[in-house]
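Shared chain: subunit A. Partners: subunit B in the first complex, subunit C in the second.
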Partner chain A sequence: MDPQASGGDGKSRKRKSVSPARNESSSSSQSSRNSFFKTHDREYVNSRDAPPGPSRPPQNNAPPQNGSSANSAAPGQRPNPPSNTNFEKYKSLSDITYPFMTDFSEYERCGKIGQGTFGEVFKAKCKKTNRTVALKKILMENEKEGFPITALREIKILYAFDNENVVKLLDICSSKASNFNRYKSTFYLVFEFCEHDLAGLLSNKAVKFKEGETKKLMQQLLNGLFYIHTGKVLHRDMKTSNILINRDGILKIADFGLARAFSHLGTKEKPNRFTNRVVTLWYRPPELLLGERNYTPAIDIWGAGCIMCELWTRSPILQGQNEQHQLQLIGTFCGSITPEVYPDIVNLEPAKHLSLPQNIKRDVKKSLEKHIKDPLALDLLDKIFVVDPSKRLDADGALNHDYFWEDPMPQDLAPKMRSLTQSNFEFTASASRQTQQANAPAHPPHPHPAPGNRAPVHNLNHGRPDAGVKGFFADRVF
Partner chain B sequence: MAGNFWLSSHCQQWLFDRQDLQRDRQIDYAVLTEDEYQKILIFYAGVIQAIGEQLKIKQQVVATATVYFRRFYTRNSLKSIDPLLLAPTCLYLASKVEEFGVISNSRFSTVCQNIGKANQGSNRLNNQFDPVVTSLLLAFEFTVKNKYGFAFQQEFPYKINNIFECEFYLLEMMDCCLIVFHPYRPLVQYCQDLGASLDKKEPAQMDAILQMAWKTVNDTLRTDLSLLYPPYLIALACLQIACLTLQKDFKQWFAELNIDLEKMMEIVKVILNLENRTLSRDQLIPTDFSLELHLFVHRVFYNPVLKSFTACGSTLLSIFPSRWIRLLSTVSASAGCC
Partner chain C sequence: MEASSTSGSDNGQARSVMLPQPTESHLVSRSIILFIQESGMMLEAKELTVAMATLLFHTYANAHDVVGIDLEESTEPSNASAAKEETKTRGLPNDQMVAAACLLLAGKMEENHFNIRKLINVAYKTHHKEELRDINEYYSLRGDLLALELWLLRIIGFRSNFAHPHKYLVCYLKAVKDWLPPDTFARHPLVTLSWCLMRDAYLSEMVVREKPEHIAVAVLVCSLRLCKVVVPEESRSDRHWTKGLCADLASAQLDNIVNALMDIYS
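Now for the complex of A and B:
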């Protein structure tokens, strides 16, 4: 238990390889610190008065404020105690460096590949390592809460996680403040790059998954969820566009902007009171729609079930137009939601004001039979689409289901993924489709489920409130 | 989040040797003695604690904020950013990271009433800012004026935008390492274990020990311990102190632990030293804290620049010529420092 011993070799962390500037070794941190303080000792006049450029000599040209400046030391040199002093001198904001953070200029931006909840996503290349990465720009337009909490969550959770099926946060970099960005630097999260997202793949009809490949996808998804839940985190935004797949066929769960940690599972005596305005509507489980705030990892499993169905149907199975409608769809799918099937419903205040469909028989298997032939897959889904979250299968239980252990066994996805020559992202797919379907009705009536028909991409955007699409944020907490 | 401490950034990047700290603080130690430096940090730990109590913020959040505060000044000189601005920023960031983000409107208005700013509060609530940061700011304005008026000769000078901007620097300087492990959770676990090995008849005894140890953990926030030792060791040291104070003998239990007892005793020494030297618990302010010293730090370092910043409507980065520090040392020496 000696921390020195066990923590010692851990000091060479993965992040070091990405940005040697963060090196913790005494000599280099010392030198970077010195350079930092050197820049601080340099004195510039405020940028608003005289915007300094990098080429501009430090301060001799600077118009003295208050006209009282006389003493100016050379940059980087400790000024000697002067007889005559100038209070009014201070540093320009544009001169602030982030000595511990990689600069944005180390990456070369290639193109936009997505629009996340808190900003745009770009494909980029690290100039040093030549590694392709994804840069997520942290939008600071909403000045209400300072540094966006979604980004904070992503940073704190993903720095702690390390699993093959969870997207890796490699680094955080910042662009320098300059007069191009109103002296505010922009932060970027640097992720490993994945070639496809599941929504993009499914909308590309040329991509067809074999049974074994479907199993592999699901197995990896549940494996990632198992890791996340074991780490006591709720993802809270399961949907196909948040599932990434790289060209080695590895699936990765991404976008932890809504994720949160929980310290204990809520009990009767000590219930959790989380916000229930999470998860994109179509993937939202019944307990959230009924107003439960003491929810469990089971909410993510419901979403995983929806995603699993989509692997066959190719479009979301429960496309409600609002919360009430979503509950109705779930009712016709899983049978009436009554206290018999979900005892806790009597404790849910919001549920009392909702009129729920009555006397509908549960019919999960039958309604999916049209699309899914594998009886074991149907059985697994039947155990996932359980209204009562306490009776829903957990990630571990799902991974132990016979579905994953019977022929055809899960099959490596790498050959298929390597055969794809183009990236498939929901963002790029929907952009090209939107131009194709400019004449299509904006919200076509959409019976559920729509097999093999990925037409309602508009609809998708409607249901998947991505930033930028008509400013539609209704489903989002933030 | 459970997380693994041994793999965390806390363990791998944010535990230092004493020599590390010494070296990192060179710039400040050139002008302040170690003792003076500590007093300033203790003072602000007290301010953070006071605000936390006023807003009824969870101790976990307060602890995280205090550790952020220390981490920042480990990498930076005290002169780089005004501690009076960094303190609310740390609290705000910690409240977001620890998911304390939602403060209800009713609670918010209670806060405003408590500090006699009901009108101002409701006005501010209508503007576009997050209630948490608004109430933080109000609480700081209030506390700085009333409780710590002796140390600051002017009203709290910062605005919400300053906090937002400072948040960036804080995040960056901490290398975006946000998760802090505290001794509280291991403490509770150790107490459970200790309780199990005890006579079942005396649960009250165990409660007293836990309470005492918990308070001691709160006190450790005023030291460098969180930068030097892993939280489980701090928890054990606090437990040890509680047992000694309440005169319970658990030597056997401690002896069976597979830990570095010497290190634990180092921590115990630091805590006892802290209590001897400075703390009178009710006051939050170390008794022999040199007010003049603090006043000088604040007046000499920050005010002149502040004036110009507010004049430009711009912000915070108060960068000071190091000559002011030298000046300070001569002035405080001549002032006799209490």
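Now for the complex of A and C:
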């Protein structure tokens, strides 16, 4: 009982030091909060007096390389003088220990494995448990609204999820706030580490999947999607670089940076109004391109279909250069998009301003025949690449398709994955390719890898401002 | 400071058995919670958003003791008096700033996003009863708010899932409605009363201590008692009727929560 009682005492005492309601009674408590937040005028003067330039650290936005350096830098140095705010007042907050937050210094960074406008991903090792993890940095550079809501969504969703085929969020850690980062700490999401991503594996010509292994990949992908959709979440960014595979051959859907929960499927009376500026262009389904905002989990299934084709073709099948071009590609692939095949199109305002290809007969199977021989796989894809989202197979329907229940049956991927000695990531694959091309072994990875035979960067970015242009695709299919 | 940091590691257990706060801080957090609720109302926030913001604030207030931030350390006596004069007209006190940050965060967590400019204006108006006019002050408040949000996230640490008792209450009300004689709900304002009690329950920091389903049962029991409605149950049964709603709630604990609820009005 004793420690609790003392805890209670400490509580009342310490609460006193910040509570405003008794500022009439206690002048000392008033002064304490004055000095913490209310000293703007004095600070303004200070910041004007401070010599600009020389004492400024070179990269004031960059997070400290490790937590300890941030800590040691604080006392002697003059705070970095910004234009209108003095961050010295946050100093008292930077020296506290946060019992519920893992500090960034507990992890040892090994190397970068991903890059995009969403942030950076690092491979790291936990010093305590010796476990290898992946750290995803939450980018906060241009956030006028504070902590990004997408990151909060990702955290909320991933903490609630627990499935073999969905990447696990282990922890969140933050770097110390110091005058190096203007007293804004950087947050990192700590994920379980997976050795490969699908884009990296497919770009590695040495990796060849057997029929059964392809089935296992698709089965796991759809299984993950089924779990996500049953949990009433839309992933909204299906693509090969977001599909991770570990060395036990377990596929995991990752990157919920664009995901969001939905409480109900939109109806005529109460439609959802989500943003349709989601999903990387090449994986974007026709309803999004036509401006639908009341979309359903079917958008992820379209992406899964694109990924499935890629398992054979090894490069994205529909590489449009802009939204209009993407729609044309879909038109030539699945036939003309008309009110007959997609009745809801008449309600979509943006669709009226688009010129869609007319009089093209639908023959998905024939256009894929060249790459895919398995008739059941073709049949499944035919049912996935349906323009009308309400007639598209859902994850459950796809899992029940004969494709997964006929010989050759899905086959464990672990032996193949264990045989790979090197990690295959899209980021490292393109970086190493670039190094080869540049013929400069010590060349550091370029922040925006732009290898040759690929759609131009600005076009790709079109329609997805917050998505990184990553990718390494040697050739086109259509 | 040291004592508090050592107790920090096993805080989860320590906090759950902690005695109710002394009256003084009880009053303090009440005024802040009322501030949050009033600002939330002016922002036209959803009920759950305001509830989340108050939950966040209570969590902050509890964690605050463990973390042991003593802002008095940063006091510099020389300019205390000068700053003191300013605060009467400028800015917001610490706790109100934290409360605004709680609202900002809660809006994001509950998909009920506030415009940060609107939030600052509303918070300022709620506290000072007048509009915020100075643009420089707005920018400094905004800088503080954004910094505080990150700091709040680190203190709270993404630990709990923060389930709300509201949906439990709705289910329990529906169950009791079918249980009671048909016209009971028509004759007594049970639903409205429960909802008011629920909102007031957030004034007490027990909302972070107790399980949401337990709070919902307690609110229901209170409103039934206030309306003098008796739930028909078998007289010989040794199980209280609330066990049917929530099996793991001991009657002693139920009494505790009901008492805590009533303490709010004392």
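Brief remarks follow.
The rule we apply is simple: the second predicted complex is superposed on the first by the 338 of 478 C-alpha atoms of A that agree within 3 Å, B and C clash if a C-alpha of one lies under 4 Å from a C-alpha of the other, contacts with A are read in each partner's own complex, and residues count from 1 in each chain.
The rule is simple: contacts are C-beta pairs under 8 Å (C-beta built on N, C-alpha and C of every residue); 3 or more make two chains touch, one makes a residue touch a chain.
The structure presented is a predicted model; accordingly, all values stated were derived computationally and were not measured.
Residue contacts after overlaying the shared chain place A:G146 against subunit B and subunit C alike.
Legend: residue contacts after superposition of the two complexes on their common chain; A:M409 is shown touching neither subunit B nor subunit C. Of the two partner chains, subunit B is the only one that A:V233 touches; subunit C does not reach it.
Once chain A of one complex is fitted onto chain A of the other, the partner contacts of A:S174 extend to both subunit B and subunit C. In the superposition on chain A, no contact is made by A:L265 with either subunit B or subunit C.
Residues 3, 6-7, 10-11, 22, 30, 33, 37, 40-41, 85, 87, 89-91, 93, 96, 98, 100-101, 144-147, 149, 152, 155-156, 159-160, 172, 174, 185, 187, 260-261 of subunit A contact both subunit B in one complex and subunit C in the other. Subunit A makes touch with subunit C in their complex at residues 3-8, 10-12, 14-23, 27-42, 84-85, 87, 89-93, 96-101, 144-147, 149, 152, 155-156, 159-160, 172, 174, 177, 183-185, 187, 260-261. Against subunit B, the residues of subunit A that register as touching in their complex are 1-3, 6-7, 10-11, 13, 22, 24, 26, 30, 33, 37, 40-41, 43, 46, 48-49, 65, 73, 78-82, 85, 87-91, 93, 96, 98, 100-101, 143-147, 149, 152, 155-157, 159-160, 162, 172, 174, 185, 187, 231-233, 260-263, 275. On subunit B, the positions that touch subunit A within their shared complex are 1-4, 6-9, 11-13, 15, 20, 23-24, 27, 75, 77, 80, 92-93, 96-97, 99, 101-102, 128-130, 132-133, 161, 163-164, 167-169, 171-173, 175-179, 229-230, 232-233, 258-260, 304-305, 307-309, 312, 314-315, 317-319, 321-323, 326-327. Listed in rising order, the residues of subunit C touching subunit A in the complex are 3-5, 7-9, 11, 14, 17-19, 21-22, 24-25, 27-28, 31-32, 61, 63-77, 79-80, 82-84, 86-87, 90-97, 104-105, 108-109, 111, 113, 116, 136-137, 139-140, 143-147, 149-151, 153-159, 161.
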